[in-house]
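Each structure below is given as structure tokens.
Both complexes below contain chain A, partnered by chain B and then by chain C.
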Partner chain A sequence: MLLRHTNDTIIEREALTINPAKTCQPVGAMYAALGIHGCLPHSHGSQGCCSYHRSALTRHYKEPVMAATSSFTEGTSVFGGQANLLQAVETIFTVYNPDIIAVHTTCLSETIGDDVNQILQKARDDNYVPEGKFLIHCNTPSYVGSHVTGYANMVTAMVKYFSGKSVTKKNQVNIIAGWCEPSDMREIKNITSIMGIKTILFPDTSDVLDAPLTGHHEFYPKGGVTVPDLVSTGDSRYTIGLGPFCSEDAAVLLENKCKVPFDILNLPIGLEATDKFVMALSKAARVHVPDEITEQRGRLVDMIADMHQYFYGKRVAIFGDPDTVIPLTEFLLSLDMKPVYIVSGTPGNKFGTAMSALLSEKVPEAKFKNGERADMFLLHQWIKQEPVDLIIGNSYGKYIARDENIPLIRVGFPILDRVGHSHFPITGYVGGMNLVVKMLNAILDKEDRECREEKVELTM
Partner chain B sequence: MIHTEIDTQRWKEEVLKKYPKKLAKKREKSIVVNDSDVIHPIQANVRTAPGIITQRGCTYAGCKGVILGPTRDIINLVHGPIGCSFYAWLTRRNQTLPPTPESENFMNYCFSTDMQDSNIVFGGELKLKQAVREVFEIFKPKSIGIFSTCPVGLIGDDVHAVAREMKAELGINIFGFSCEGYKGVSQSAGHHIANNGLMKHVIGLGNTIPEGKYKVNMLGDYNIGGDGFELERIFEKCGLTLVSSFSGNSTMEKFEAAHHADLNVVVCHRSINYVAEMMEKKFGLPWFKVNFTGAEATAKSFRKIAEYFGDQELIDRVEAVIAEEMALVNAELEKVYDQTKGKVAMLFVGGSRAHHFQELFTELGMSTLSAGYEFGHRDDYEGRSVIPTIKVDADSRNIEELDIEQDETRYNPRKTEEEKAALAEKGIEFNSYDGMMKDMLKGALIIDDLSHYEMEKLIELYHPDVFCAGIKEKFCVQKMGIPLKQLHSYDYGGPYSGFEGAINFYKDIAMIVNTTIWKKIKAPWEREVTIEAEYAA
Partner chain C sequence: MDNFLTGREKQIVRSGDTSQKIQCAKPSLAGSVSQRACVFCGSRVVLYPISDALHVIHGPIGCAAYTWDIRGALSSGPELHRNSFSTDLHEKEVVFGGETKLYESLSELIDRYKPKAAFVYSTCLVGVIGDDMEAVCRRVSKEKQLTIIPVQSPGYSGTKKDGYKVACEALATLVGTSDREIPKISINILGDFNIAGELWLLQEYYRKMGIYINATITGDGRVDDIRNAHKAGLNVVQCSGSMMYLAKIMKEKYGQPFMKVSYFGVEDMSDALYGVAKFFKEKELMENASLLIKEEFARIMPVIRMYKEKLQGKKAAIYVGGSFKAISLIKALRLIGVQTVVVGSQTGTPEDYALIQELCDEGTIIVDDSNPIELSQFVKEKKADIFIGGVKERPIAYKLGLGFCDHNHERKEGLAGYEGMLNFAKEIYATAMSPVWQFTR
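After this line comes the complex of A and B, so read on.
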């Protein structure tokens, strides 16, 4: 057994996290910053942070992930990181020539109290920044929140640094993407394109972390939201934030700064969440929903109706980030599955409120927890107490899946041992169909492998 | 001399031009055109300039991830915010094989105190103590290691005091490491800190003398992809007893008994030579360098071990094993040699691998035109003879040097000075490592702590057939149409050590040079104009 020391006796823990369902802030900031065109993320801390985050993102995307570091030493930790950051800015603009450097902090630079805002101002004042180039930053102390918080903080920094209000409103809608895959961002753009709505999606990692092989390494791939587009978000008619944990702060700031009204929805994962997204788009842009979208929806509904018998009553354990896990839970309920155990390491009351609202009537026996010690060890112990039919989460779920002989479908971050997530969406109606197919395959592959010979079915 | 048409000196000047002046001056010393006759000094183990895109990681990664990570029966509790423990969770491929389904194996678990802002403000020691109690209550381990992350050192949590207190309270071996990420200039400092911790808290605790006639410790194999399993197989086949491996497929019990061996062989000089040095001082165990990467190198290393013990029966048995294994190795090599011969490799990885893996490429008839370490020191390039001349800077001075004294009762020099001298006559040099440069071609470019920019420029210059580095470099290089072989994870292949490892490597390099897709990068319509003529007509 891979996790041979895990048993079903739950001992209350106050200090110890085992097998976390989260990681720390900076990786989220790094990922979000990659969704700006021509941007080099910069980690203000020791080298290890940058190395770990680049490695995690690279293993997840199988793509180059470029980022720089302030390479703190013990001396830097004593005397402060200003000299290192200034030198980094000079080196980066000279050697790697980005349009933007997006600095995020680490627990190290936060603990010693570096004032990154002031340091960057000094860099600008002392002419470290070439004409037309930008420095932006956000604070991402690793001991607060999770990787999701870091993503939200960098997205908020985009609004803080760039969004501007000119004299004329533009007939466009802002979409703030919660943490999802390049494939999902591409699908969101597909939907708005079919609906004929001009949108600014930010951040946007499509065409950044799913780049083609050309024989040339594009240091700054063609994708990513551009600075002029970010500036013009202040003139948009409306903002739709997808995923409250990742997008709400930015949407609120954009309203305060530029008076752009907003709505916060879940990420459009599954039938209902996509319905709400399409409705919100229709309202915000004052367009009718075209038949093509209705047909896409119809195909998803058709598939669910036809395959319903394989899903009804199936018990599911889910772990991951709230913005993904909440609409996913909602989707499973629309398939009449039973999401019985749900954990997320990311703290925040919105998680519990959303889960109670979704589950209290339909699956009253469901257990869910988020924040500190809402970890995969606890999830595994719940599964030991009473098993499930399916696990949904990142690659770390494979250790539980193998020990308990439960199929796993990989959704979330990081997915280290499979590809496809960055190319095939789980958002939108198309993404809903992808999810249905994934779950169905996982459940039926196990059935086909393990059922008695006389029970093997050729047809479904 | 190699590639005479390439002016490496000019390349170096061109590359340095791009950097800000001060940085160019610094990098200049880390890029050396090799001259195997006269070893030129190279700058290594110095700070990476801020803003440079580096391969390097941190001290914590070297301590927790590399040295202590592969030991299955210790609980490694990381004291810090969640990320540090999360990123070191199963991301190195040190495999382990517990003897029974019930045997302890905590390597698939991740343990953290998950420090929150209140712990940073008010101190994290209470939380750490509580976490230790909880991990003990749930898992009942025999040992717990506590690893410090950046903020721990800054706020002044004393992990060593906590370890002592908890050791007394719980009655098991508990010890801490001050391996904050900002110490040192790379993972290397963490290796040293881990070595010190093993010496202080573990090695020598075991009183049971292991059975066996020829008892050896292997230092610096981490059982990546099963390297250690293959080496264990050869040790056993040769009739050698592997008392302890630092630290692939290891247990605390074996570490504790390591001083009962009669020889330390050092595989990865960079990461663990400290333990070898300290064990020699304290217990009288001699050490010499071996290399198990490459079939010839493996054969040579086992011959050295047999010669050390000097028993004809052992020498004959080792020769028989080598003959048997080499027949298989050569059969495989014959199949691929014509495909790999003349190809060009580059290696930028680790503190030993960029040297050791050149053996395998040489066996394949390939040449290594450029190489360098991610976290090596000057001695790994120039040989240990430079050690007395290495200037200790502020970043190295803060890493503790243990003051080791002879163990009063257990010190036992396994060989007299005369015996050592006699063995030296036969080519067995103790406490010696000649480094990478001596083995490399004249004119090869040796670059320490290669930056991303330099890597792209190197590839533009040489168009190597295979570039060896790690995950962060993998897809950048492949986007350029050059296959990258990861030498940290082996791209989930391996083992590459020993004889079977050599066979695996030959096959994998043949696979790489025979990959069709690299020739299909351009679409047909990018290669030729198809439509113009038709429209013109």
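After this line comes the complex of A and C, so read on.
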């Protein structure tokens, strides 16, 4: 009973965050950087942060996660981190030999005012960087935003450092992946390949954080977007950003820098979001939607039709990152479920706007909140006031689920106690089916276990 | 990539090579993929099992989020410790200071949860923006009539081990603030964090021997017991890394003797019980201890022998937080027929490393503050079958096709005591012999 301290009376909290529904920027930057081939993320700060971030990613992906740290000491916090960072660059290239070092900051280096841009320039000028190798960076002060912000910042850095414009346009489409699993990135590539569209997906963590067991530890696994591909994003015909929180900044920059027009969509989670994604792809690349895609869609719709009675009116609580939570809410609505409580620790007005648009008519009683104090504690209080039938969110939801005897399906970051998220997508029509199956299993298993004897049905 | 980190050669030695002494307690090289954590992490893991205290992290959200209930420290009573309270500092506070926010958070939390005491941890950021945390703590302490202990643990000020020291200092301010009379034959258990209920097992052993257990620091810990800790006849300290410092302070201040023990492995466990019995110079205690040990041996040894037969010839690599733990591990592995070929720790002491060098077979690699490249190479060179380590090593071990046993805080099986030895043997067996490794070649 971890949460026995939670009760249902909501008191306005002034200063306090209890059981956060978010973590800090660098972990997002680290994850995004791992989506570049041959890249070693580097944390400019004390080693504790780096250690935490690596552990967090390791626990979620059950994969080795490599990242280096500037290992600040007491002195560094006084004199600044230039010496540490220069030494780090040298050490990393000689010992770990990556193609790229992607530096992100931490609260500490931000606060003492290190100018990472200038330090890295010095590293280049003073020949710390071998031929054909790169240093990139982004600022990730954690006291602003959340892990989602860090991810967005690193993705933007990819555009800033690499995207270039040559004379000829290429017949290709950029897809900027919002924060999702390697499985989701793989599924997005599946869709584009079925549609026969040449795309550059970045970042791309498939084949990085879902690597097969071979008996060797590949320090730089085979996946990840390559530097030449990143460079060529400036020549693409179009950019589709998936998830406004994670991809919009990068898309805007790419347009400003290389005049590549863009569209920002939600992550293709659920039927409607995937429809929009497929349509946008077909428009951007000027191709027809092939039958195979239409059939995939048909199978998802068929599955929903078969089971729609079991979804009707089910009350759901969702928590997680806005780019995931928004299309998920939309999907639940199209299943005739009731997303009644929605919480995201990531700040930003887009969240509220999107939620109002989705919910104000269909589920007027829904409560949603993001940013400061939109934490697990609040969500739990809401649930105590009026329960739900299903919770969707990361592993931290299990305490509430257990206390209140509500089924939980795990979606989001971090998932520390189950596997499968790296392997089975929730994006695309295929991902939609996965979600449907997961939700049904969770709800119906409970029903089967707990309903009165005479209500047990064999056939459903 | 077979370049070792230059400047690290002195942190690696091979057993049998007497020309070299290992260097440790060195800050990590900038740019290394170090497996180490920070001061804050050290303080937090040590103090957090005190379950009726409030633990508030003054800093940005991340530091709190990552330490939220990651260590399975069980409590038989309150579970306030398992919540994560953070002041979630934002840009505004970075510019104008976070004292107000801390003040408000603390006041609010104390009103709401009525804890027995509060620990307030500072993080790197707080160290740099220069909040006067102590002043805020004093103020709230006065207003709410509650003991509030500032824990000065900015991450950059050292390694996890330094964090243990800070935690001990914090605890020392609590000890001696109450004067409840307790039996003469009594101990405090220091340095067990009740992972997977290990502490309860130990308590059971001691009670069976006829010893009164005063404070448990900090596993299943309570503020009031810690206040009274100076009253116990003996401090029994396990895992020298984290709690020795407190034992030393208590010895100096109250003349309270301490004894260093390990509960891991049957040899060390038995030594601990005998040692404590001997200390109190009571014949009855000694008899009880020997009876208990005899019984336990009779119970577990046949099973252990069975595992040993099957595991004979397997090789293990160890990479753990503190070097003291490694020593017990080497012995316990030997008991089940497993030879240790690589030993390392994030933060070791020269004494422990010397002992390890003595204990291990010739050619065993001993390493301080290692990184994944090194570890992978050592493991391959030495043809280890099993890796014993923490969260960051697990997937690397698996990728290399090795079995793995978590000897850190994330395990759910108790590894202490006689029962723990059985669990350990079973875990090692299950992972070393898993059929999955056949498919990796």
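The criterion applied here is as follows: the second predicted complex is superposed on the first by the 460 of 460 C-alpha atoms of A that agree within 3 Å, B and C clash if a C-alpha of one lies under 4 Å from a C-alpha of the other, contacts with A are read in each partner's own complex, and residues count from 1 in each chain.
The criterion applied here is as follows: contacts are C-beta pairs under 8 Å (C-beta built on N, C-alpha and C of every residue); 3 or more make two chains touch, one makes a residue touch a chain.
Nothing here was measured: the structure is a model prediction, and the numbers come from that model.
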Combined model on chain A: chain C and chain B, fit or clash: clash
Which of chain B and chain C A:405 touches, first, second, both or neither: neither
Partner chain in contact with A:111 - chain B first, chain C second, else both or neither: both
Which of chain B and chain C A:349 touches, first, second, both or neither: neither
First, second, both or neither for A:46, with chain B first and chain C second: both
Common interface positions of chain A, toward chain B and toward chain C: 1-5, 11, 13-20, 22-27, 42, 45-49, 51-56, 58-59, 62-74, 76-77, 84-85, 87-92, 94-96, 106-108, 111-112, 141-144, 146, 211, 213-218, 345, 372, 396
Residues on chain A engaged by chain B in the complex (per definition of touch): 1-5, 11, 13-20, 22-27, 42, 45-49, 51-56, 58-59, 62-77, 84-85, 87-92, 94-96, 106-108, 111-112, 141-144, 146-147, 211, 213-218, 345, 372-373, 377, 396, 399
Residue ranges of chain A in contact with chain C within the complex: 1-5, 11, 13-20, 22-27, 40, 42, 45-56, 58-59, 61-74, 76-77, 83-85, 87-92, 94-97, 106-108, 111-112, 141-144, 146, 211, 213-219, 345, 372, 396
Complex interface listing, chain B residues touching chain A: 18-20, 23, 47-61, 77, 80-87, 89-91, 101-102, 104-106, 108-117, 119-120, 127-128, 130-131, 134-135, 137-139, 149-151, 153-155, 181-186, 394-395, 398, 451-453, 456, 470-472, 474-481, 521-522
Chain C residues touching chain A - in the complex, by the definition given at the top: 1, 3-6, 27-41, 59-69, 79-80, 82-91, 93-94, 101-102, 104-105, 108-109, 112-113, 123-125, 127-129, 154-159, 372-373, 376, 391-392, 394-396, 398-401, 440-441
